[in-house]
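As written, the chains take the letters A, B and C, and residue 1 is the first residue of each chain.
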Amino acid sequence: MTTHLPLLDIRNLTKSYGAVKAVNDVSLHIDRGEIAGLIGPNGSGKSTFFDCSTGLARPDTGTVVLDGQDITGWSLNRIAREGRMLRSFQKTVTFRSLDVEENLIIAGQMFTFPSILSTFSIGKLSRQRIAGLRERARELIRMAGLWDVRHQPAGNLSGGQQKLIQFASMLMPEPKLILLDEPMAGINPKIIERVVETILYANKSLGVSFLVIEHNIDVVTSICRRVIVLDQGQKLAEGLPQDIIQDQRVREAYLGG
Amino acid sequence: MVSTLIEQIVNGIVTGSVYAIVAVGMTMIFGVLRAINFAHGEYYMLGTFGAWFAIDYLGLSYEASIVVGILSTIVIAYVVGQLVMRRMVGAPAESGVLATLGIALVLQNTVILVFGGGYKFFSGGYIEPVSILGFSLAEQRVLILVVCLLVFIGLELMVTHSRMGKAMRAVSQNVECCEVVGIDVPQVVLRTFILGAALAALSGVLTAPVNVSVYGGMGELITFKTLPIIIMGGLGNVRGTFFAAMILGIAESLVATYVGLQYRDTVGFATLILMLMWRPHGLFSTQARF
Amino acid sequence: MSLTQTSERARRRDYRIPLGILLFSVALAAPFIGSRYVVHALIIALVFMLPAHGLNLLVGYTGLLSLAQAAFFGIGAYTAGLLAIGYGTPFYVNAVVAGLAAGAVALPLGVPALRLRSTSFVMCTLGFVIIGQAIAKNWISVTRGDMGLSGIPKPYFELGPLSFTVGGTTGFYYLALAIGILATLAVFAVVRSPAGRNMVAIRENETLAESLGVPTWHYKLIVFMLSAVFAGVGGSLYAHYLTVVSPLTFQMYYSTTMLIIVLGGGAGMISGTIFGSLLFVGLTEALRITPELRMIAYGLCLLVLVFWFKQGFAPVINRVWNAIGGAK
């Protein structure tokens, strides 16, 4: 029975800012093991939809159910910690003055310590936990091709490298689902390849599902099995990537018809 | 009973006017700089000391001492503005807090070092009572009320009609755009700051005959009074500041009469903290700047 | 690569441990080397180091600028003073209760204040100091109003059958030194714990930390309370040393002093706070500078720190530390 349940099930999500309905009655689901794409012209409500699904903003109406649990109204940190649903940000962000390894360890900490108070311990158990995290961090750092710069402050690295740090950080907690907000924006083709590889690796080997906002249509068609199109806050179309790019309504929305 | 109440309200409006003239400069500086000037009350103190010095040491009249007080404050504000305030353009809010705290320490203690820390007697001013609508009110208090109204009318006109006012409004709305269209932002900041300091000095010299005593720590007290006002008034909002100052003036006056004089100086911050918990963005909109 | 590093290390000796031992011996021998006045200055520096350690956790590690430290310092001083006068309790009880009282007061204050952003938060914390002073002045039945508390007894200890009073300056110096070392170790433990890493994450980028599951609000509240506990314990030392506490313990000047210690020494560095206390409080006290001159110097320090030396003495301390540690 449970296998038929989608991993993430969002129903009738609506969010207004003043008179503007940024997201208007959008329903969407992600299946286990799936990589889905979310596309749409600028200002179509994709980011607001992300914010409302991940707890950064509170939706006006609608429900968000993750793995059978209603998480509507949970805070960003609780959704990440208890739901293991993580998100990235459009603007690349890292803990700039900390080195790459520390960046990744921070990302894993809240998932290995049972309570806030236990994080204040420097006992043997605590050190063992951190040692375990460090090992995992190093594995991911090697995979992301950041081994040589692992002791450099993240802020000193290039935009593309910081993107990889952000990505590797999100894999630290063994997430169920990752929401990526324009992962390819502003990075060079070589890094794009690397990010695509990492997404596919995470999906196949680690069993992580993805919902990806992306403008690079080649990337979307190559990694997504299913694409959802938003336009003016509403769901316009949904289907296979090759069908979607042929869809007349989608073309009109993008060309400003 | 009723007449005491009305008398206290009138007194409160006079106090509110004193605060309003100081606070309006502080709020305008916030508008262009996005930083709270923790040293603003010190310019009130400097103006008062300038006037006191003119009367006691130079033997000038009260009228002349007003000019001396304001001019000397403008000179000091110019130096502080060139050395410090200009650098604060675009700096994080925390830097503004720390830098202006530093200025406050330097100004206040230099004055104490030069003139001594004790209370001084301010001998000028118009202290004859006049009778208005059956109330007797010292001439000086009437003067404060009138000047306060003139200051606010003048500021409204300046902001809407003069080049300087328009530049100030532009900077307060969007600093980046101003730089693109060629407005000299540090220059606007400097002028706004000097104007604000001069207004604080004006408030100081007008209030000195009412307060009578002059001392080095008086500026800090005024800063503590005006900080809550400008936040309650909605940072950067001139009209909001006027009303918030009046509300605080009247509230202080009533608390001093009916609750206890010793609680007067905490009214501002107590109200502020309650307000921050209830409406974190001020009673008046911060959008309606100037 | 690793080979050259080993030879480097072999060539340049690591002097950190001998230097640590030397500094510790100097600290122990201070009452016999320095004059009475120098020892007094060191005590004052140690007293202020405690609230500064707490403030460093808040400002340096978590990135929250607060002026409330003087309020918690005052609460600690009054709590310890009242306990010592009213109940004659031993010093360690007073110090612990003073810390806990300050921490407990920080909870209801922190809950609304930490919702505010940058400037409003600073303003709110300043309000705590001003309101604290008003309460100390007006709650006369407890605080004796403007007169303050006087005749606070010297620290008294009761350890099993042994009981003694720490009377002289030298004795008090060792007491303050012991507490200072304990506090430093405590800060060290917090900073080195996983929570310390989360605090730095909040300072660096709060939203990112939040998105990685860090409950930032809870951490900020805990650190705010923790910083108050340090200030409270510092206040208890202050009360027992000066034997008088007045409402003027609640003044912004103290908060500013603590800020100067932390920022001047180097925010986010434990050694910076220790160095800052010795330099900004100890040295000015030892030189017997008038309060006005000291405040002017503090004011200029703040300006210099904001515009020119943003990291305070941190780079200097780091360089010296690396040099003696033999690192490249």
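By our rule, a contact is a pair of C-beta atoms (placed from the backbone, for glycine too) under 8 Å apart; a residue touches a chain by one contact, two chains touch by 3 or more.
Note that this is a predicted model, so its numbers are computed, not measured.
Visitor: Please list the single chain whose C-alpha centre lies closest to the global protein C-alpha centre.
Guide: Of the chains present, the most centrally placed is C.
Visitor: Which chain is most remote from chain B in terms of Cα centres?
Guide: A
Visitor: Distance-wise, how many Å sit between the C-alpha centres of chain B and chain C, to the nearest whole number?
Guide: Here chain B and chain C have centroids separated by 34 Å.
Visitor: Between chain A and chain C, what is the gap in Å from one C-alpha centre to the other?
Guide: Those two chain centres are 41 Å apart.
Visitor: Could you grab the centroid distance between chain A and chain B? Build each centroid from C-alpha atoms only and quote it in angstrom.
Guide: Distance between chain centres: 50 Å.
Visitor: Help me check something: in the complex, which residues belonging to chain C touch chain B?
Guide: 65, 112-113, 115-116, 118-120, 122-124, 126-128, 130-131, 134, 137-138, 252, 256, 259, 263, 290-293, 295-296, 298-303, 305-307
Visitor: Please name which positions on chain A make contact with chain C in the complex.
Guide: For chain A paired with chain C, touching residues are 54, 56, 75-78, 80-81, 86-89, 93-98, 102, 105-107, 109-111, 113, 116, 119-122, 126, 129-130, 169-170, 172-173.
Visitor: Under the stated contact criterion, what part of chain B meets chain C in this complex?
Guide: Per the stated touch rule, the residues are 35-36, 84, 87, 91-99, 101-106, 108-110, 112-113, 117, 220, 224, 227-228, 231, 235, 260, 262-263, 265-266, 269-270, 272-273, 276-277, 280.
Visitor: In their shared complex, at which residues does chain C touch chain A?
Guide: 189-190, 192-195, 197-198, 200-201, 204-205, 207-216, 218-219, 222
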